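Quick one: the structure is below, and I'll ask about it shortly.
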Amino acid sequence: MERKIGVYICECGPNISEKIDIDKVIDAVSKLDGVSVAKRYKLLCSEEGKKYLLDEIKKQGLTHLVVSACSPRDHEKTFMEICEKAGINPYLFQMANIREHCAWITENKDDATKKAIRMTKAAIRRVRYHSSLEKKEIEGNPDVLVIGGGIAGIETCLQLANSNRKIYLVEKTSSLGGLINNFEKTYPNMVPGSDIIKQRIEDIKKNENIQVFTDSEVEEIIGFLGNFEVKLKKVSEENVPVEFNVGAVVLATGSSVFDPEKTPQYGYKKLDNVITSLEFEEMNKSGKISLANGEKPKTVAIIHCVGREKVGYCSDICCMYSLKFVRYLQDKIPNIKVFNFYSDLCIPGKTYQKFYEQTIEKNVDLIRSTDINIEKKANKISVIYKDENKNKKTLSVDMVILSPAVIPNSDTNKLAEITSISQGDGGFFAEEHEKLGPVSTTTEGIYIVGSAQGPKDISSTIIQAEAATGKILTSLIPGKKIEPEIKVSHISESLCIGCKTCLSVCSYGAITFDETKKVSVVNEVICRGCGNCVAACPSGAASIKHFTFDQLYQELVEAVQ
Amino acid sequence: MNKPKNKAAVVKVKSDIEKSVLDFLKKGMDNEIFDAVLIPMKVPAGDSFAYVLIKDKSLLKDASYLPPVMPVQGANAVSSITRLGKGKMKIAAVMRPCETRATVELTKLGQTDLENIILISMDCPGVLPLSDFVNDSKKGMKLFNESIKKEEDKEMRPVCQICDKSSMIAGDLHIGTLGAKKDTFFVISNSDKGDEILSKLKISKNEDLDSWLSKVKNISEEKLKKRKNAHKILKSQVGGLDNLLDTFSQCINCHNCMRVCPVCYCRLCYFDSDKVKHPSDDYLMRAEKTGSLRCPSDITLFQMGRMMHMSLSCVSCGMCEDACPMDIPVAQIFSMVADETQDLFDYVSGRDIEEPLPFVSYKEKELEEMEDAA
Amino acid sequence: MTKAIVINKTADQGLTEVLKFLLENDRVKGVFTLKKINKEGDVSYSLITNADDLKDSVPFYPLMPVNAAKILSRFTLKGPSDVPIVAVLKPCELRAFIELVKREQGSLENLFFISSTCAGVFPLEMGKERLIEKNLSKYFEKIKKLEILDDLRPVCRSCEEFVPYNADMTVKLIGENIDKKSIIFLNTKKAEKLVEGIKLDVSEKDLDKKTLDNFKSKRAEEKKKIFADIDKKTNGIDGLIDLFGRCIGCHACREACPICYCKLCEFDSSDCEYKPSNYEIELRKRGGLRVPPGTVYYHLGRLDHVTISCVGCGSCEDVCPVDIPLSAIFKKVGESVQKMFDYIPGRDPKEDLPITTFEKEELTEFEE
Amino acid sequence: MKKDDEFLPKIIAFLCNWCSYAGADLAGTSRLKYPPSILPIRVMCSSRVDPLFVIKAYLGGADGVLIAGCHPGDCHYEKGNYYTRRRFAVLKTIAENLKLESDRLKLSWISASEGPKYAKVATEFTEQIKKVGENHTKNQIFL
């Protein structure tokens, strides 16, 4: 079929028209091979502009469209939709960004015009080598697997569960709730942990859309957004694994704490009355804070940042719960003296600051210190430390509470392998992007919630649960098919020599190897279309739709002409 | 094509033939009969020649219509330009007769589009072996010019020495130097395109061609004798499996002969494809049959496979032999085989674009000698 | 100290005896080695399964008809060998094969490698002219004196990687009385097991490091010269055009290159075909264009594709019908690229190819 | 106001969609000024840039080639730019060895928020290319 390319140059009000001699551009391109019309218009993205373009495509019987205007990041979609409306494939369209990349950055009108001509010509040449791409649609299963029955998992389930979406909650222990169960109170408002968790667990049990598997572990997860095959196994039982299919997976496996035995200087397990934060939470919950000999402690030291050097990061929550412990102690043992040994205080946010100030009002010493050593001295414990001026000092107390660093849960590694989600600093699950993708992972359809991704307190865990929920609800709508990326890689079976170079550079495990045919195969649903494998393939067996060798090369050729 | 060639145009030679031919081409461009000329040109280092597509007339003066070597087969040059479409430019392609014939074969095979191409050939004295030339181009030039002056061919490539089609016209125009009066040469038209160009250039074709025809006739008859004789000797040397194996014993399987062959046009040669890659036990089995297996194996299979694939279109241009790093007389062997296979169908590769390829046509009654009478 | 078999024969004869033992005692089912294949004495790699055929074998014939890595790759491409096979090859050939294995183009399984300290080989040209036989004695005289023979290929004369990596056995081929004594080092347990019970005296020996270092320094000297010389020629685009101007586009260099393993080379693919409009554009720009175009592009592109793994075997130059000094160019560029990643192609099968991996903190001098 | 005879380089800039192209957009929306020498080609990730494109651009007569992507660690596709960097290093080393004016090649990390950096890189690179001068391969016939 004969090519009829329409070229439309947007004046963008004064933005382009004042900086570029649009008529010159039109003269320069209207005679080009395949160009059947080249025109200008005042504002193509306006409602009437869109209508104008739509009519033009039909009236001129265009087969390809080139728009020289603003950034494709602004309006590529807009004009592609018009193409679709007008009945030509939206991928037979190319934009030249003569506003941001030309009109706005060039001093002199001649120069700007020359560059605009060049850019428009390149776009025209490129579009000649475009080919139609068709939308793919695949069935998306809206159901979700949530791994981990702590507050993170529980919250996610409740947020997600609704009449036409099934949620599977898998917990490796025998009961739901996780760490919070042990917390008598939670900072900053000192609400009992049970208040937060009990009702939620009830709601979970009541909700028939949520199926809970306790004492269970995930054995296998294979698939992609909208279609993951899941295998479960009951812990310590040789029964047949439960199998089901979900559309998304949430990793909410939470965290545990650093083992202070690895830092002997704190005397943990060697001295009586030296306990960890978790042990203290339990002791406190039982209602009886006492020393080994049954007496009540009169002086207590709380050591922050235990194991921080070893793990190499600030655990974010220790300072706050250590202050919470001060409250515990003061509530239960009037006029007790508490010493908090810290290296840096981490008291972020508006409410926390207030909590901190109220806490340190009475009988608390905050001691900035380093090189802490804890030794037995008579029937007391002495904390030996260097103060801010590096002076060695000693302080003797009845009881020492260690606040160890937060570390990933023990089964994080195993899950990382099963889901092939990479692990970031400290071994926590790695989010897709520190800033831009805090709950997503590099595998579409797998999300991280709570301290499985890094130390977190309850409120930020809830925030993440809601964020992940939002992602899932919008990407998996019951009855609605999912549209995977169209501009994906393809590997020619006849050209592939099977050197697996592409496999090793792919970030998403989107390429598999066909052992019988000895060729690489792209899973188009997983592929994100970065094109890395294409540049890596020496024999040009790999290509990527809409960024083919030809398209980019021809654009290049025209640009340097 | 194939119009009666009894009349031709004549061009006066000014300083020397080369200049006059180039001048003729320049006229063609001046009069916009063609927009570009495809013609050999010395490479900057001066140690070889390459085809150049010339649009800027000023470059023509450096071109040489009759280079002493054939580094690239002109047919490949034409196909490189027109395989994906005839394009907008009218192009005059100046090349030797065997190159024009290969171009015609490639056209039959859909590898070139001649609509906008004007094929111009010339009486060919042969070319020198490439590798010798590139290593001492000065000496080479001297040799070549002397050979032409003396009308000798002993310095030329073996296949050129036995080429009986060195003046065969397959294109549109032909530069005839044989039998031309002193300081002139013929411009022989072989097609309507050719006639059109001559008339546009106002060169009338009123000159009698007999002198050229008879000279050509003599030469090709004499060469044909040499050819038959040479093939006879060659046959006795390479005929029979042992001799054949021995002839190819030094072959290192670089497939150069195939790569430079104008009528080997496949993108991926069958003999480079998966079809010739076998599991290890296959090689082992074959080794065990004879005690040992030469590696790379299947050399003769490759050579005979190639004969099967292209001998009907082989134009004996000698590219394969030039490119062979082991100096195996590939071109001579192939020319021998080609003569015989083409004779079967009384086919001459590239002689006439209207002649169908033997493998895409048949006669109800033919090749009876090959059939089992009973 | 390593165990070594010592035989009072030439290296060729000595090793042939060992190979004979291996075949006759079914330690291996086949032997890849160089072998005389006709009365003219032409030499070619062969897969030998019958011990009697070993009589014509010349494992250390100073010629590289093809890079053996290509042969081994072809042999194991469709899957590893089911039976034990021993291959005698030059250090650079062995390194090339390792590189191919890294690219899934072959398998090490069931293969034993015998290599040698390599004194280099003559140009293929001399093999073609059948001139090697005449020069053999000269060849050995020179290595005995640790001198570098001028007739050898430049890429060999300048090779510093003449001690094999990953060889199960290494045959001493550099140093005195190599024509009287052949010393075969058993570098691996695999090797020791392979020759178990052989009726030859096995003793503890060591490759004489001093000799090798001495030899290496001479090679380094030679390399300096050759690199300096090519450096003058690879002088910008004009230099490249002078170098590659004579290229006839046969792509034999790629065909012979052990690292070029693609089914269809990018430079033969439709990606590299000029459309009529491309010709028009180029002509508008340049007034004229070489046809077929892309000679320099091809060589630069191939350089980019293979340079990481180029073992400097010189096959490309051997087969070039117009004698372009390819090996010097590729060796020089290859070495500087490889140095950047502290990578020696074929040194270790477990080493990742630099193009398939990365360090987060590296090459910062290249970025802004 | 520049003289007509002044040499204005042609610089091909491969910009990754997520960082550098956005950065260039920002330079525009902030009305920063830089020379009109830059001719942007948008790719999804800098790792799509086949070194062959760069060679083609150079032989085609481009006076400079800029590859710009997300900062290491910020790649939208996780680690594409690390491979880009390796490929670039190899290509540049080749160019240096063959004395192919490797100053014409540049690799730069420009984030979506670094409009000013983009303008700066564009200006400085253009100046650098002006020093190197015009790329004469565009007149070569025997490529």
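Here the chain labels run A, B, C and D in written order, and each chain numbers its own residues starting at 1.
The criterion applied here is as follows: contacts are C-beta pairs under 8 Å (C-beta built on N, C-alpha and C of every residue); 3 or more make two chains touch, one makes a residue touch a chain.
This structure is a prediction, so every number in the text was calculated from the model and none was measured.
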- Query: What chain pair has the highest count of contacting C-beta pairs?
  - Reply: B-C
- From subunit A, the most remote chain by mean C-alpha position: B
- Note on the structure: Nearest to the mean of all protein Cα atoms is the Cα centre of chain D
- Using CA atom averages as chain centres, what separation in Å is found between subunit A and subunit B? 65
- subunit C and subunit D have mean C-alpha positions lying a whole-number Å distance apart equal to 37
- Just give me the whole-number Å value for how far the CA centre of subunit A lies from that of subunit D. 31
- Residue numbers of subunit C (touch at least two other chains): 241, 245, 263-264, 266, 269, 277, 284-285, 287-290, 293, 355
- Message: If a residue has to touch 2 or more other chains to count, which residues of subunit D qualify?
- Response: 51, 56, 61, 79, 83, 87, 138, 141-142
- Query: Can you list the residues of subunit A that touch 2 or more other chains?
  - Reply: 505, 536, 549, 553, 557, 561
- Item | Which pairs of chains touch, using the document's own definition | A-C, A-D, B-C, B-D, C-D
- Query: Residues of subunit B touching subunit C in their complex?
  - Reply: 36, 38, 41, 43-45, 47-48, 50-56, 58-59, 71-72, 76-77, 80-89, 130-131, 134-135, 246, 249-250, 252-256, 259-260, 267-268, 272-274, 277-281, 283-284, 287-288, 291-296, 322-327
- Message: Please output the residues of subunit C touching subunit B within their complex, sorted ascending.
- Response: 29-30, 32, 35, 37-38, 40, 42, 44-50, 52-53, 65-66, 70-71, 74-83, 85, 124-125, 127-128, 238, 241-243, 245-246, 248-252, 255-256, 263-264, 268-270, 273-277, 279-280, 283-284, 287-293, 318-323
- Query: In the complex of these two chains, what residues of subunit B are touching subunit D?
  - Reply: 43-44, 50, 52, 59
- Message: Which stretch or stretches of subunit D touch subunit C in the complex?
- Response: 51-52, 55-56, 59, 61, 72-73, 79, 82-83, 85-94, 96-101, 106-109, 121, 136-143
- Quick one: which bits of subunit A touch subunit D in the complex? Just the residue numbers, please. 71-73, 97, 99-108, 111-112, 114-115, 118-119, 122, 432-433, 442, 487, 505, 507-508, 528-532, 534-536, 544, 547, 549, 552-553, 555-557, 559-561
